[in-house]
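Labels A, B and C are assigned to the chains in the order they are written; within every chain, residues are numbered from 1.
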Amino acid sequence: MAVTTPDDPALAPGSAPVPSVEEPPATQPVAWRHRHLLDVDVLTTAEIDLVMRTTDAMAEVLARPIPKVPALRGTAVTILFYEASTRTRVSFEVAAKNLSADVVNITASASSVTKGESLVDTVRTIEALGADVLVMRHERSGSPYLAASVFGGSVLNGGDGWHAHPTQALLDLYTLRSRFGGSLAGRKVVIVGDILHSRVARSNIWTLTAAGAELWLCGPSTLLRGFEAWAARGAGGRSFTVTSDLGAALDGADVVMALRIQKERMAGGLLPSLREYAARYGITRERLAAASPDVVIMHPGPMNEGVEIAADVAIDPRSVITDQVTNGVAVRMALLYLLAGARERRP
Amino acid sequence: MAVTTPDDPALAPGSAPVPSVEEPPATQPVAWRHRHLLDVDVLTTAEIDLVMRTTDAMAEVLARPIPKVPALRGTAVTILFYEASTRTRVSFEVAAKNLSADVVNITASASSVTKGESLVDTVRTIEALGADVLVMRHERSGSPYLAASVFGGSVLNGGDGWHAHPTQALLDLYTLRSRFGGSLAGRKVVIVGDILHSRVARSNIWTLTAAGAELWLCGPSTLLRGFEAWAARGAGGRSFTVTSDLGAALDGADVVMALRIQKERMAGGLLPSLREYAARYGITRERLAAASPDVVIMHPGPMNEGVEIAADVAIDPRSVITDQVTNGVAVRMALLYLLAGARERRP
Amino acid sequence: MAVTTPDDPALAPGSAPVPSVEEPPATQPVAWRHRHLLDVDVLTTAEIDLVMRTTDAMAEVLARPIPKVPALRGTAVTILFYEASTRTRVSFEVAAKNLSADVVNITASASSVTKGESLVDTVRTIEALGADVLVMRHERSGSPYLAASVFGGSVLNGGDGWHAHPTQALLDLYTLRSRFGGSLAGRKVVIVGDILHSRVARSNIWTLTAAGAELWLCGPSTLLRGFEAWAARGAGGRSFTVTSDLGAALDGADVVMALRIQKERMAGGLLPSLREYAARYGITRERLAAASPDVVIMHPGPMNEGVEIAADVAIDPRSVITDQVTNGVAVRMALLYLLAGARERRP
């Protein structure tokens, strides 16, 4: 099979065939060239499109009575999480098992990590133990790049520090495309909260602007530091609006994504109190009256209900928060599948 | 298949056919109408009998060289434990895997729970991740009812606070029925220890009295608070004896079940010291001399040997403590199987 | 099948046939008589040879695209670790799953162990839950012997206190035999570091001297306590050299194995500082110049890079540290397989 490049016509939007999940990925004409997925910024529009269509195929698998295909039988997936997590770790675990991969979980609290072993040694050990794919979450930004530099298989970033959360951005994109008939062109998408410390926001900036959305980032100015300057500089061809004015942001919004407020940020003096944050930036039904009547409500979870989002907003009929979780499994199945295909084609 | 009701003649004792574990539950005439199992108090005598006979079938599976049946292939079971546990968590995990279900473990210490996410959000997330059955243990009484109110699949209570531990009560009942030829009618069963804080005692009151046992609850009066009044009021048609007099309780007893003494209770002033408890209420060989010569010795584990039970009593030939553990796997297989069948029949 | 004894001619080196991993172990003429493996000191030369040849067969399985055989289908393996670990726990888990066993993980931090249950009760419970093989690591020397005295299946020691680490010794032996064409006769093997507290050193003394290596143990004299006297007494027919002189030890060495320095040892006054240890005993490229040009560099992991081993030495082309990890999976597959075969033959 020919190795494809970013300029390959096979990567033009819509031209890559949807992979069949009934066949092993290596025998399919999958136009995917990435061994790792560390952030979304390396994905072309055509590649994002391929992820979306592969996710469609996986969502179809999830709808079956037995949501399992043998695509990754014999592939060893290690899930290495240095931060506490329910939804993301379990999402990867379920995704890998649905593809019949063999899964090993390693959480930092119960591992040699507590003995001070370096990340590089841990990654080398995991490879020597037979892992083909390493899914990792780490509190230090850039860690997955270090891991990828020594790991012989594929690294899939499950979130690194403030830096990137590519699977979250892709599941958010998939969720919104499903809602808006496949295109976000011209849709006003507002992300509200602690933008400064958010890997979710950083990765979403790339995919949402690439999809043609009109992106707004909103929060207290202390939690927007640097983003205004970045937006003013052009942000690498990306265009988005940065504001502390929630009213302006919500006005006519098609999508509102609330981000989790971390209580530990207050220690640094960046936030006066959760109560004050909730009073000024919490997403409530009243505030959403200014948005589109069909506004789509999102949250990457876990939620602090009553702080960044009101409890009734979270379960509003317009909320797609549980859809995000379900789509997360499908997106992660798609990415594991595409990465395994790229791995198979290595010489 | 017709939906059965508690008054359905199909629920009369012995009339429901034993399900065949070789067939998927949905195609069987199983007279089980519960989507969740949160406590034993909703079970009719006929339903308890169905659980017992289904457990017989599962015990037969466990006796095979490869103790596995495909009954729950494609069923996703999530085990969510907010309290530390070996035996119960592993028992559910083994039970689910023996039925070929897909199992995901979530323990509170390594999860978003530490991030303050509400139980309701956690349950919604677990459902969105694809879980069909949620097995949960939580330190707050009533939590599984809250979970069941939002979960689209089946909730199986693995113990909630002081309230209920239905699988323990059913495995205790199964163990005793096996010992006594199927009937507990007229057998004197004594539960000794911290009745006040015991979900094991509360659930056992229901099933043991329903089975016709002569039930005694015994312990220091501080650990019986409220139970005397409850017994005097009739306890909803249940009849049992409450006493601090261990000698009277053990006299002629057919069964003695010692409950774990939690060291943390002493902080509240309810217990003077473990040593004094052991001296007054610890189950020793000497004390058991007053019981039936064939007295059956039980403990739900984990044991504080030398406190509520002497080490030699725990491994006495009359002890069924390890039978309880083994039967626990069979009972949990039966319940997962019955709940999955009820789930399949939902419209 | 006839029960073999240590004097059985079938146990002479090389005479036992290599087991076929495609057949269930019970139907094979495997000359393995141990129900448990608690340390290497019970293994005859012929038995060690059988482990090595079985490991060859397992390494061949690991080289397949799908590294899985059905040999242990239906065998329940419980991995009970009371100490934090990545590589050893995962290595056992991967080994067991590669043989199609059913694996349950129990780590002390999330289990009843925190409730003070005794090891004996925990082991009895694990057996009652259906475990056939118990892999355990415990901080107290001798714990696996206690476990084996009550467990009805097979106990495989994954490391106990300072005492023994048989699977590590066997994987080290396998790694060295692969490097040296099958024989260690006359090879100078140097173990450097905290010999006193090392179960790795203790188990390796047995297997390396049995294999004919010229063994040297080297470290600060405070960390060699008792070993000089042991060597002088003859150490049960074993012969090895104990020295604090790193120069003498490294001179012409064919193998250098650095052991992890535990920071907590300094509290006891046995070590002045990590920096001083590194300065005097750290394995660096400069120091290795005195060794054989083809010296084999080993470390059981996890490493304190810059303390007992320099970072560049760990990834030197002569380092086999990742081979040790990979061979660990194959050795553990071999041992699980042999133990299961012994279990099958029990009357």
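Going forward, a residue touches a chain if its C-beta (ideal position, glycine included) is under 8 Å from a C-beta of that chain, and two chains touch if they have at least 3 such contacts.
All of these numbers come straight from a predicted model, not from anything done at the bench.
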Superposing rotation of chain A relative to chain C, computed on C-alpha atoms, to nearest 5°: 120
Fraction-based call for chain B against chain A, same above half, different below: different
Mean-CA-position distance for chain B and chain A (Å): 41
Sites on chain A at which at least two other chains make contact: 109-110
Residue ranges of chain B touching chain C (in the complex, touch as defined): 62, 65-68, 84-87, 90-91, 93-94, 97, 107, 109-110, 263, 301-305, 314, 321-326, 328-329
Contact set on chain A toward chain C in their complex: 73-74, 76, 78, 102, 104, 106, 109-118, 121-122, 124-130
